[in-house]
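Look for subunit A in each of the two complexes below; its partner is subunit B in the first and subunit C in the second.
Here is the complex of A and B:
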């Protein structure tokens, strides 16, 4: 119940700050555009690297989105009030993490048409692609929410959150880029499943770990 | 900063003595091991003399991993017991681990250029070490930016555990992604003449790492003591001065 209350609060918060979410989307789209300049105008190369561009753009955009999600809590010291409630910090963490996960999934899904248009990298396997995005967003959200809670309380948050988070997300990035490329370019060896499995394993480790450690982060 | 309330200066002298003995031991072992490795052991069949970097590369790798594992254990120990001793050891372990990981990347590049023809290769172990280097550099940066010692200790313990949990996943993901490294070297596959200097050097580097950790933890303890109980005009610090510190500086377990 506490979890649902927290999730409701966080989703409401995301909805009411939707101007921010659309700015993050605009940033992601701009990043996709800029990344294509790094590869040159060769259409085949662009199509080949489309998955990588999508995930790098999403990763950078997610850092903005994650840090904003905790900034609002600390701006008016709302977090202190939340911690005074007879609610477990675990519920607060999972509420926030699930809200971030949903937000990042929507962001990723919205960036896909941009990728299709810019790089001619379309696929009709829409549901597997959405599955990859959902699993990847979950992998970003679990450790991202934990670290954003720390970074939001620090002066150096703009540099600290990406510095802590991005090396950690190397497996997520690898798996998502591979899986997306396989969907776009075709999957003759049927490797998609093993990359999805890697994402599932990453999530299976970091979702429980985040809940376990969040209490330490929030209460200190 | 642990159990005894006896003079910290005496304890500092003792750990300095232990570290000094370890460093001396390490230098002796390192010169013996390296002498055997460089002049006595046979050159490797395919790589020739280039392979001799192994006698320092592999000990660095083993002990770097050991230092980071040690830091992870200290992180858990701190969160469970809230004893400041573990926080200082955590800081020392991560710093030594980061330095060793960096050396590992440099040595690996030096070896890879004549052997593979490139400085860098996206091999699972090499890439994992590089990712770990950045992940734990992030933990050190976190320690640098958090001023409150209580928060710093708890948060860096959290970040250490999270980063450490990532290591096996990074390794497997990169291994699936791309691989061309030679087989893992284990002393069992090696000739005795090659294994002996490797073992001697591994011990030597371990002694060196232990000495660094002891000295670095001592330094961290001195700083922490200063932060938790700043020198006040009076002998008994007021409760206000200790606000934010869960225990007095001389205390043991919380």
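Here is the complex of A and C:
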């Protein structure tokens, strides 16, 4: 019950601050555009690296999104007010993490058409691609929510969050890039399943861990 | 003006606040210590507060008032000492049975006043529909701005919203840190009336304030903190004179006379 209350709160906050989400999407799209310029005019190379570009852009955009999701919690210390209630910190964590996951999944899905246009990297395997984005977004959201809660209480939060989070997300980045590339370029050796399995395993570790640690991280 | 009743809509946390150890005081604190780095913000503080008792917590800036309220609320861990609220010990019990209105308003600025209260109400497992919560906002004088975003509110209105959250929690011990700050005269009267109603309902109240004359008239007992230690405790009516004498002796000591 408390989980639904927390999720409702976070979705409501996301909706009321949707201008911020638009800015995050614009940032992601701009990053993709810049990467296309940096990679040069070789169409085959662009198509080959499209998955990598998509996930690097999404990763950087997600740092902004995660940071913003806790900015609203700490501007008037609303999160402290919630932690002082007889409410479970786990419910607060999962509410926030699920809301972040939904936001990042939508963001990733919106960046796919930009990738297709810029890199000519289309695929008909839309649902598997959405599955990769959903699993990748979950892999970013679980530790990202935890680290964002930690970094939000520190002065150098803008620097610390990517510094703490990005190294941890290397397995997610690797699996997502490979899986997306296989969907775009073709998968003759049927490797997609193993990369998806890696994403599932990462999520299976970090979702429970985040719930366990959030109470300790968020207080004081 | 009556405090609105917001009874739990489901089982969540509804029974727990009802557990009361009949003969125990509302709050019992023994040997409470808390330090920041090397300096002690609270040192060996003892306190006993009966149900319905209103305590004025006084002391100069940095004397430990806010730290004490934050420790009592469960926002900060004590370094030593025990805290029993209605006879129950532990941080979860403190969170269940106390409510703090502190220097921060604990509000979501992008949401409306009603949405803010609804969030807290849902998490407490209480009714969160408009009809159930409007009387609460009416009590604190915010009904006419219920649907406005909180970032458009003045500091005084923020404080009123924070008070509505405290009323929603219906705590055994209400902790008010500088509650009169930012309030207009009407807000002063409202807060006095709310404290009086809480007293009548058996809620123990701690009011940390520099308004000693006002507090002396409102509160039953006073506790004067100095450098984290209890310097004096006694009837609230005597506090202004005691505090004046303490200030004079501090000034004299500072001048070396």
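Simple rule for what comes next: the second predicted complex is superposed on the first by the 220 of 220 C-alpha atoms of A that agree within 3 Å, B and C clash if a C-alpha of one lies under 4 Å from a C-alpha of the other, contacts with A are read in each partner's own complex, and residues count from 1 in each chain.
Please note the rule applied: a contact is a pair of C-beta atoms (placed from the backbone, for glycine too) under 8 Å apart; a residue touches a chain by one contact, two chains touch by 3 or more.
What you are looking at is a predicted structure, and each value in this text was computed from that prediction instead of being measured.
*Asks:* Applying the document's definition of touch, where does A:5 land relative to subunit B and subunit C: first, second, both, or neither?
*Replies:* second
*Asks:* On the A-aligned overlay, A:90 touches which partner chain: subunit B = first, subunit C = second, or both, or neither?
*Replies:* So A:90 meets neither subunit B nor subunit C here.
*Asks:* Touch check for A:77: first (subunit B), second (subunit C), both, or neither?
*Replies:* The answer is second: A:77 touches subunit C but not subunit B.
*Asks:* Is A:125 touching anything from subunit B or subunit C once the two structures are fitted on A? First, second, both or neither.
*Replies:* neither
*Asks:* With both complexes superposed on chain A, which partner does A:16 reach: first (subunit B), second (subunit C), both or neither?
*Replies:* second
*Asks:* Identify the residues of subunit A that lie in both the subunit B contact region and the subunit C contact region.
*Replies:* 220
*Asks:* Quick check: in the complex, which residue numbers of subunit A touch subunit B?
*Replies:* Listed in rising order, the residues are 143, 146-147, 150, 153-156, 159-160, 163-164, 166-168, 170-171, 174-175, 178, 194-195, 198, 201-202, 205-206, 209, 213, 216-217, 220.
*Asks:* Which positions of subunit C touch subunit A when the two form their complex?
*Replies:* It comes out as residues 10, 12-13, 16, 73-77, 92, 95-96, 99-100, 104-111, 115, 119-120, 122-125, 149, 158, 165, 169.
*Asks:* Could you please specify the touching residues of subunit B with respect to subunit A in the complex?
*Replies:* Its residues touching subunit A are 79, 131-132, 134-135, 137-139, 141-142, 145-146, 148, 150-151, 154-155, 157-159, 161-163, 165-166, 169-170, 172-174, 176-177.
*Asks:* Give the list of subunit A residues in touch with subunit C in this complex.
*Replies:* My answer: residues 1-2, 5-6, 8-9, 12-13, 16-17, 72, 75-78, 80-87, 91, 219-220.
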